[in-house]
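Look for subunit A in each of the two complexes below; its partner is subunit B in the first and subunit C in the second.
Coming up: the complex of A and B.
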């Protein structure tokens, strides 16, 4: 569906932000795009949305370059940016002036999600907090029913109850055939939501695996000495650790531990998964 | 190409702009209504009449600056770092964006402004008749002068459109500065050409020919020059605007 091949990108007069990035995003998946601050997550998301142009390589949606920004391509991509400003209009007017550009937009879904987020269509956007504005945009983005939904730090600005509300909405509202990319540096916020992990470090994709494969090959928890070889551990004695699973029981993937582990032991963890 | 230009999307996009900028445009028109009325009244105080030539002078003073201000306002989303991502991600092609922006700030704006001006003019004359006993002579607004003013606006508007797209801050000031530099460039170019082609006449050897050179450089346009400025300059700048929009990244 969305193909990124050998992609390089740098901002003018600066070093490479992305280098030789290869990705293949498929429908029916929710991808978690992780990385430290300034590692190029937002840049990659913007390239996928056609808002930045690769210096070399390609970014295609269904064999059309996203940088061409053709209406046919843009009708299949919706981006929830990290920072944005919405016009000072009632939510319902905002919906009316923008929804007509998306052929699969569902009014019913949009107003249902607003209700779930405890927002009223007559609320004027300028009177809402940043978190509430983000909820309006998330609801709008989901209701567009585009094939690709890109979210850049969607949980930034949301309070704790809103974060779980976000997870609930995403899990229930998102169509199975959609491809969703959620970029964040707050790994815990995406717990139980994503089914594929992509990690960026030093301008490169250093980890790209489905959650299913990760849990099949790695074990997460507090390890004891007799359990086998520890790939990564956060503390010397009984700290949270990542082990090769072998005969151990399957555990839930600890995203934060996995993220820290991949940054420290990239090669070993990738090898353990490939085995 | 067919999918890249859809008239329905152009109409939606114009409607979107009108909704977003309703407040700004209403304020602008209210200011102009007051200005047109006051200038018309002042004019009638002196000579007890409002000739269409006089009214069109006032019309031009308000019509062009307000139109240019509207041109900058429709590109506000395009140039602002907090709005450009959502704006550029909208499924609207560059030709559709350009056509809708141009159409709303030239054709639609001109129709709306002319209607407002006629209503204000008639109202001002009516008030003038009651207050000052003005002769009713307000006629033929769509005279040659009207079309000259509209034509001038249609030629200079694309320059400001390119300025609105190109600059992210102090757009109006930077555009005017660029026009000033451009004008100076053309002026010097014309001057050099005049001097070169009239070398035999001893240009600058005495004061008379020197001043003639300056006069000619600022006012004399050849037939090609008239065609260029009158017909090609506007569309050429629209092409520049198109490529500026194509190249735009956030």
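Coming up: the complex of A and C.
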């Protein structure tokens, strides 16, 4: 559905932020996009949304480049950015003005989500807190029912009960064949939702695998002696480790551990998965 | 739902199903929540929920009526009981035995502790 091929990007007078990035995103998945600060996560998301143009290479949504910003493409992409400005209008007016750009927009869904987030359509957006504004945008983004939903740090600014609501809402959103990309540092907030992990480091995609394949090939946990080949370990004496799984029982993928492991032992981990 | 990190989430969802069946919250032959409802309930990716449903279907604990939904099998309770008993004997007991050996606790002592526990409950 969304195809990134051999893509390079740099901001003026600075080194490359993205270098030969290849990705192929498919419907029905929630992709987790991870990387240290300043590794180009937000840049990549903006390129996908057609807000920035690649220096070379392509980024296509269903065979049309997103940088062309054709209405047909843009009506199938929605971006919930990390920082944003919203107009000083009541929520319902905001919806009326903006929803017409998205042919699959569902009023019912939007107002249902607002209610779940305890917001009222007559609330003026400028009087809301940051977290509440974010909820308006998240609810709107989900209700657009675009093929691609991009979210940059969506749980930043959400209070604890809202995070749980957010997960519920997201869980119900994917099975409609949407493709969702979430960039985040808050691994814990979203780890049960993500089913594909992409890791950016040194301007490159260094890891790109579905969770199912990861848990088939790697084992996560506190290893005891003679359990097998340790690929990565945090701290001595039975710290959390990543092992090649072989005959061990399947464990849940520990995303935080995986992220640290991939940064340190990129090749070994990728090799263990390809086996 | 609070997930334990050591076990794959889909198996934890399976356990959640087992519990509901064992306490008869979900009776035999009764309809159970859909994949989507379960995914929302426990806040997971629907693909993970589907894995749990498939696993239970393979074990014939639940079955699918096309276009209607999932149901607990007629002998679902007995099946779950069987699975959980096996799990207890094959997985939990060896751990207990290992600890007993390590601490020098004999069968007699275990029996006493068991009886005492039973009496307290009464």
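In this text, the second predicted complex is superposed on the first by the 272 of 275 C-alpha atoms of A that agree within 3 Å, B and C clash if a C-alpha of one lies under 4 Å from a C-alpha of the other, contacts with A are read in each partner's own complex, and residues count from 1 in each chain.
One rule holds for everything that comes next: a contact is a pair of C-beta atoms (placed from the backbone, for glycine too) under 8 Å apart; a residue touches a chain by one contact, two chains touch by 3 or more.
Just so we're clear, the structure is a prediction, and the values are computed from it rather than from any experiment.
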Contacts of A:74 with subunit B and subunit C, given as first, second, both or neither: first
Subunit B versus subunit C as contact partner of A:101, first or second or both or neither: first
First (subunit B), second (subunit C), both or neither touched by A:83: first
Residue contacts on subunit A - larger count, subunit B or subunit C: B
Subunit B versus subunit C as contact partner of A:168, first or second or both or neither: second
Subunit B versus subunit C as contact partner of A:230, first or second or both or neither: neither
First (subunit B), second (subunit C), both or neither touched by A:58: neither
First, second, both or neither for A:1, with subunit B first and subunit C second: neither
Subunit C-facing residues of subunit A, complex: 28-30, 164, 167-168, 171-172, 174-175, 192-195, 212, 215, 220-221, 250-252, 254
Residues of subunit B defined as touching subunit A within the complex: 3-4, 6, 9, 12, 15-16, 19-20, 80-86, 88-94, 96, 249-250
Subunit C residues within the subunit A interface of the complex: 3, 5-9, 11, 35-36, 39-40, 42-48
Footprint of subunit B on subunit A - complex, ascending: 46, 49-53, 69-75, 77-79, 81, 83-87, 89, 93, 96-98, 100-102, 137
